[in-house]
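Please find the structures below.
Look at the two complexes coming up: chain A is in both, with chain B in one and chain C in the other.
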Partner chain A sequence: MPLEREVYKELESVVGPEHITEEPATLFSYAYQWMAELVPDVSGGGKFFDRPEAVLVPGGVEEVQAIVRLCNRYGLKFHVYSTGWGPWAAPPSGGQILLDLRRMNRILEIDEQNMFAVVEPYVVAAQLQAEAMKRGLNVHISGAGAGTSVLANACCFQGGGPDCIYFDSPQNSILSIEWVMPTGDILRTGSLGSGLGWFCAEGPGPSTQGIIRGALGGSGGWGVVTKIAIRLVHWPGPPVMPIEGTVPAYRTKLPADQFRATFPAFPSWQSFADAIYHIYDSEIGYIAHRQYVMWGDELQAAFLKIVSDPDRQLCDLEELLHMPEIQKLTDEMRRCFQLILVGMTPRDLEYQLKVLDRILEQTGGWNVALVNEPAMQQYVLLYMMRLCFKNLNFTATGGFIDTYNSVASPDIWASGEIEAGKKLLKKYAGRIADAGDQAMGPIAGQGGGGVTGWEDFLFYDPHDPDSVQAAIEVSDEGDRLKAQQGRPPGGMLLGLARTTHTEEKVRAQKLVHAREYQWQRKLKQIFDPNGIGSGNYLWAAEPSTNGEST
Partner chain B sequence: MSTSNCKEALAQIVDGEHVCDNPEVIAAYASDNSFDPPKKPLAVVRPTDSSQVQALVAWAYKTKTPLVPVSSGPPHFLGDTVPAAEGAVIVDLSRMNKIIMIDRRNRVVIIEPGVTYNMVQPALAREGLRLSMPLMPRATKSVLGSVLEREPITNPRYAWSLTEPLRCLEAVLGDGSRLRTGEMAGASISTSAGQVMDYAPLEEVLEKRRKIQETVLYQYGPGQFNYYKLVSAAQGTMGIVTWASLRCEVLPEVEKFFLVPAPKIAPLIDFAYRLLRLRFHDALFIVNGARLAFMLGENRDQITRYQQELPPWVLILGVAGRGLLPRDKVSFLEKDIKDIAQHCGIDLKSNIGSVHGDHINDLVLKPSPDPYWKLRSKGGCQDIFFLSTLNRASEFISTMVSEATAHGYTASDIGMYIQPTHLGTSCHMEFNLPFHPAAEHEVQTVKELYQSASYALSGQGAFFSRPYGMWSSIAFGRNPMHTDVLRKIKALFDPHYILNPGKLCFQDTP
Partner chain C sequence: MGLEDFKAMVHRCSRCSYCKWIPFAHVKSWRFAKGCPSIEYHSFQSYSASGRLCISLALLEERISCFDEGLPDIVFKCMLDGCCDVACKVCRYDLEPLEVMRNLRFRLIDNGCFPIQDIPLIDNLRKEDNMMMARKADRANWAAGLSLKDLTTEKADVVLHVGCRLSFDEELWRIPQTAVTLLLDAGVDVGILGRDENCCGGRLYDMGYRGEFLKYAENNIDAWRNAGATTVVTTCSDCYHAFKRLYPEELHAPMNVLHITEFLEQLIAKGKIAFKKSLPLKITYHDPCHLGRRGEPYIPWEGRQKKIRGQILVYEPRKPRNNGACGVYDAPRNVLRSIPGIQLFEMERNREFAWCCGAGAGVRERYPEFSFWTAGERIEEAYATGAEALVSACPHCERNFLDALDQRGDSLKVFDVLDLVREAR
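And now, the complex of A and B:
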């Protein structure tokens, strides 16, 4: 339903006529999000979620605050969007306005000495990384890629990625935050709120950052984070990463005495897990990740050839799979991961390489020889340092979801869950792409190691109803299999898409028994009393005395 | 409520022998070494497990009785364990001192609040682990008390956040309900509905999780909020933590300490920044000669001798080798660090006069022997500490010295400690003001200096992120919105304001 004219005019007066629109084509562009076809009861099986009633592009915190206050006055729900990647980027239901933060794209400060940057929501990781590198610094890049918002990854969604082993999770990298609360009030956390700069995340006393995000952020439904300070790490490379080659085989030449890409590979999953523990204990590695080209163990070698050789194309896949050297490489790489070693000094790299050799010796592993070829070395270094090829998720079939994920201790790699995921995907082969074991994820999800795990990617054809149906069936069957073992559900993406795009009251009733969402209901009542944040902040209905939800 | 009624009710929950209203015991909890006003509690109760804590809080919620959780033993210095409200019951958690689980492979330990560093470090060492520690905590210091109050650890490389090494926890909230956090919450982003059940016993949960390779290391959540941040630096006002998991370090096979003396602090700051940038350190902090003397000297005479012997400033640096090839690690670090030191124009030493690296080893890796180092110089000590950035340290030092001089306090008696934290993005600054508690004039001087310097430092940019005592009005006065939000959160998790009321910004019951 279109906005009332009075409301529209007031919103327009905040951002100016050039920064608000209700033009249908524009509105639909925000509703067109990946995975819509997997939630047919919302999308009707089409490609669109609910469209917003208007899109506003505010230029700063004052405009954001004024908009949120108007939303409170008129009881109008709003949804927030920065670089938007996934179904939760679209408004979760109709009747909402959308705030697109793309004008708030400035790097406000880089404190070289104290190693942090202050950024607005639309600063993407590649942008900040380029500026940070000029100062000998680097920034965490989410698994969603270098084109995504630094702020949204840290505060508003999940944000983990391949570099957590050295950079840590983005949550821990947040320093002060400026947050327009759902009430329209502005909370500045830590040292910023006391007018003392951006250096400290917490306090005074208990950290109010605790209500801004948890395991997951508010996903556009919990106020608007307008600025954050984010911790940076040292970059011992050149101020500008030199880029060579042609699409998609770009490469970077970095000093060989400080940078080394490796592919540690193992004879068994147990030795794979043991190696991870050794890496944690010996404290080596700058980036560590498995199956970065996205495809499973049966296709990754061939796919690596396609993306690193400018003369190869996707249609060469069949031919490549029949080549003996690719078959040999496939076997060699079956249980491998990518480990980028960065020496802060040449001696440091020398030491880390020696430790890696010792780990391989003790676990019976090997470093896949291919990675030592100069072109591959340069390709892998660029890919892993900048995570700039996230289009690979959509290259082959146009659609993907995760299905049989695991996040646990490193021993999870040796638990049989990789094979279980592979078996599940094979059962549906033909209706979905079958690339073997597609477990793809960080070797450490926390600084210095800790939990690790993977997303088990499933590639489906979003234009083929049977493939779409198969993707849904795999995800649901995966969840059932996990539940039988007492494990958490495997398919995060579809689960979240279904949850966020369900009518709020219905969802609240489904979540009534989930303890955490009961606390979130109470937090919502306090900090969003008019209920104007979009439904992506989840809450449970209040249980009544007879056990039913109200 | 009368004392006898209170005692009777408490004895229904905890064995009578662990409920106490003995005047001597009451007096011990009625004041501490801070300048905060004394107040007698009604009784002291010592629960032995989580269910007793839950029952105690439920009783207090029903009767609106203030509870003051205390996990560390005396001496206390910050006023946070002295009741601010009348009729309070002290919940002394020292009997809850179990080390519940040590998992070497995943480098994690679960402990109760009464566990001290002296209890847990030897147990961890047997497994090849240790916990990151603050600098020379007292022997009675609760590990969880230290971590929850965000005390800085000496190794900034492991300070991934200001709450390190905290992971998952269980807390009893002000209404008597329990909340578990992180991956122990049950379901962080689960969308599946289930039955509302009370939490299963921890041991059962751990056993079940072990079979599916789950750990207790993922701290975030539950859901879209982080309660563990809300209970940090809360002085027991947001919940009583009954256990927590902490991420451990691998015990180094090789560890060396170096001392870097300097007449002025500036070159040490530059050197520290370079090391922080490269993460070429384990322990890393700067102290002045007085502070180092306080920590080294076993009595007043020794402290005086050390003060005369030591240079004005010393940077303490630990390097360590862990895991595979630990000697190679230390060998390359020594070479690279010497190059950096040369570049900074400073000397890396194994000893300064009679102070050898081995002395430092004990200082950094062990709790303080008794008597607690703060009390050895004059018997009393008032600290001023806050957060800032390393590059501003000199400004704060100048202010502190000026304030001391203006108040007639001998500036050379001030202990100074600068601890980089959160991987070098900020630093903890601490000034120690020793005094003779029996000398009335001296006490008054330190009291006035403490107040005046706190305001002056705050005006200059000191961030009192852990606002004890008089700092609460300074800190919360600077951020009214944060204060308002905190009060709303407090009202949610402690609706009757029974948990340590009167502390932080929680003076008035809603």
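And now, the complex of A and C:
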């Protein structure tokens, strides 16, 4: 239903006529999202979720606050996004306005001595990393890649990624925050709240880090975080990453005495898990991730050959898979991960390499020789350091989800869950891509290690209704298998898509056992008394004990 | 192909926003990380490549209509410069965002939904065969006094096509005049079609007027054949793109086409052009979109998309990728580097991910404010290199930079590659 003219006029007076629209084509461009076809109750199996009633592009915190206050006055729900990638970025239901924060795009400060940066929502990781590197610093990049918002990944969504072993998880890197609360009040947290600058999350001002962030972040339904300070880490490389190679196979040539990409590989899952413990214990590594298996353990070697060579294409896949050297490589890489070692000095790297050699010796593992080829070394370093190729997730078929995820201590790798996930995917092979084990994920989900896990990728074709249906079936079956083990659902992405866009009652039933969300719902009632923050998976109605919505 | 043929492709867009940025590998700063002028200027998602793909799908599913009031602005406020296409294809092997956007334009124009600003432009074009609101009779004035073959009556190996901008923009006449001098001095058998030279049609095509484009393309090909020319050399990057890519694609008429900088590079390598003077000048080079990423040669392909390993999408046989890898980037740089005294500084966004000048696809004519803002962004980037002059190889880029500088009250020098070659001889 279109906005009342009076409401529209007032919103327009806040942002100016050029930054608000109800133009139908534009509204549809905000309703289109990856995975919409997997939520047919809402999308009818197509690519569009519900349209917003209007889109606003505010230019700063004052405008955001004025909009939120108007929403409270008129009982108008609003949804908010920064870079806007994923089904949680589309408004969860009709009748809402959407705030696109792309004009709030500044890096406000990089404090070199205290090693943090202050950013607005539309600063993407590639930008902040480039500026930080000029100052000998680096920033965590979410697993979603260099094109996603630093602020949103830290405060509003999951945000983890391959570099947590050294950089720590993004939620642990948040310092002070400026938050336009759902009431329209502005809360400045940590040291900022006492007017002492951005350097500290926990005071001397108020600390609401856990409230703002929660388990997975508010995903656009929990006020608007307009600025954050984020912790930076050391970068011992050049101020600008030197890029070589022909599009799309770009590479970076970093000093070999301080940077080394490795592919530790193992004869069994137990030795794989043991090696992870050793890595935690020895505190080596800058980035550690099982990355390229996203293409499947049967295809990763061939895919890597394709994407790192500008002259190759996907049609080369079959030919490559028949080549004996690729078959050998496929076997060598089956239980491997990517470990990037960065020495703050050449001696530091020398030490880390010796430690890795020792770990491989103890576990019977090996470093896959492919990564020592100069061009591959440079490609992998760029890929992992900048995460600039993350949309390769979509290369095979145009669509992917995760299905049978696990997060736990390293022993999980040897628990049989990898094989179970592979078996599940194989059952549907043909209707989805037949690629094998696609368990991609972080070797360490937090600083120094302690937790690891994976997402079982699944490649489906969004244009093929049967493939779409198969993706849904795999996800449902995976969730059933997990439930039989008394474990939470495996598929995060589709789970979030469904719970964001289904009705509140359905959502409440789905989340009845998720205690962290129940806790967050109670906070929501306090902080958003008028309920104007958009509904999504966090904000389901309070479920009763029998699963009925109350 | 029509817009309907891209439906599967549009379903497979992941809306990742790569199309809004330069390839992330190449981001060197906060300031110059963006790749798409359209969304940077207009802010809403619909003004990006992925937004326009969504709109195409909404149109195909009849959720919106060609006749919706705001639609033409969204569709046409874009230079079709193609940086989005390059950035998308860093990871995607099966998407052609530029093709979809072009077909969206054809759809609107075919339905009579064009920006009102086009009316005088197209009227004049139909009468005078040029895009410059000028008289056809004046087309060859730039060549007055030059001893050149008239290819309407004579034959030559090489036809020099200077294009609409250089034929009628008097301030830039020095560029084709220099080209003629260089070619004749090097002993090249060259001529022009004079007042019978036609618009190349390339800009029309990008604006959505495919039918008009085809008419001019056929006329030009006939004229060249009648002149016995084996090679077409052009001083304009827009024309180069039309001849190199669009003519073979739309009319299956392959020609030996060279941009003047490619021809000069060959002449310099053969020692037919030598430099006597040093030009102590710090310059930066702007890659014209139509010479760079969009100037890749057209390679015919017939085949199909099929699935292997269940759902993995591949082309059979191998389909040529147009991802900017094979554009003309080195020839102008090699010419510039061969000039004594010149110091060439690269802008952060260069080669296949260069920022557009703002003049393309009718934007200068339809939306001058947006066009000059885009040029201004490039001028800022040029200043950031410390260069004293901005050099390009396309008269449309040069004109847009000159006018934007004039509007800003700025004094950065703007040259064509040919200007520096002339000065150093």
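Please note the rule applied: the second predicted complex is superposed on the first by the 520 of 550 C-alpha atoms of A that agree within 3 Å, B and C clash if a C-alpha of one lies under 4 Å from a C-alpha of the other, contacts with A are read in each partner's own complex, and residues count from 1 in each chain.
Here is the rule we go by: a contact is a pair of C-beta atoms (placed from the backbone, for glycine too) under 8 Å apart; a residue touches a chain by one contact, two chains touch by 3 or more.
These numbers were taken from a predicted model, which means no experiment stands behind them.
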First, second, both or neither for A:Gln127, with chain B first and chain C second: second
First (chain B), second (chain C), both or neither touched by A:Phe459: second
Touched partner set for A:Gln485, first chain B, second chain C, both or neither: first
Chain B versus chain C as contact partner of A:Pro529, first or second or both or neither: neither
Chain B or chain C, by number of chain A residues touched: B
Partner chain(s) touched by A:Gln520 [first = chain B, second = chain C, both, neither]: first
Chain B versus chain C as contact partner of A:Gly94, first or second or both or neither: neither
Touched partner set for A:Val240, first chain B, second chain C, both or neither: second
Where chain A meets both chain C and chain B, residue numbers: none
Chain B residues within the chain A interface of the complex: 105-107, 150, 158, 160-163, 179, 182-183, 185-196, 208, 211-215, 217-218, 220-235, 237-238, 247, 250, 273, 276-280, 322-325, 328-329, 332, 335-336, 387-391, 422-426, 461-467, 471-472, 475-476, 478-479, 481-482, 485-486, 488-489, 492, 504-505
Parts of chain A lying in touch with chain C, wherever the complex brings them together: 18-19, 21, 23-26, 28-34, 37, 46-48, 55, 57, 83-85, 100, 102-103, 107, 123-124, 126-131, 145-147, 240-241, 243, 246-248, 250, 252, 299, 310, 313-318, 382, 386-399, 429-435, 459-464, 467
Touch list for chain A against partner chain B, complex: 111, 113-116, 136, 168-169, 171-172, 175, 181, 185-191, 193-197, 199-211, 213-219, 222, 231, 233-234, 277-278, 280-283, 344-345, 347-348, 350-351, 354-355, 358-359, 362, 407-412, 415, 445-451, 483, 485-489, 492, 495-496, 498-499, 510-517, 519-520, 522-523, 526-527, 537-538, 543
Chain A partner contacts - residues on chain C that touch it in the complex: 7-8, 10-18, 21, 23-30, 33, 39, 43-46, 50-55, 57-58, 61, 63-64, 68-71, 74, 86, 89-94, 307-319, 321, 323-325, 352
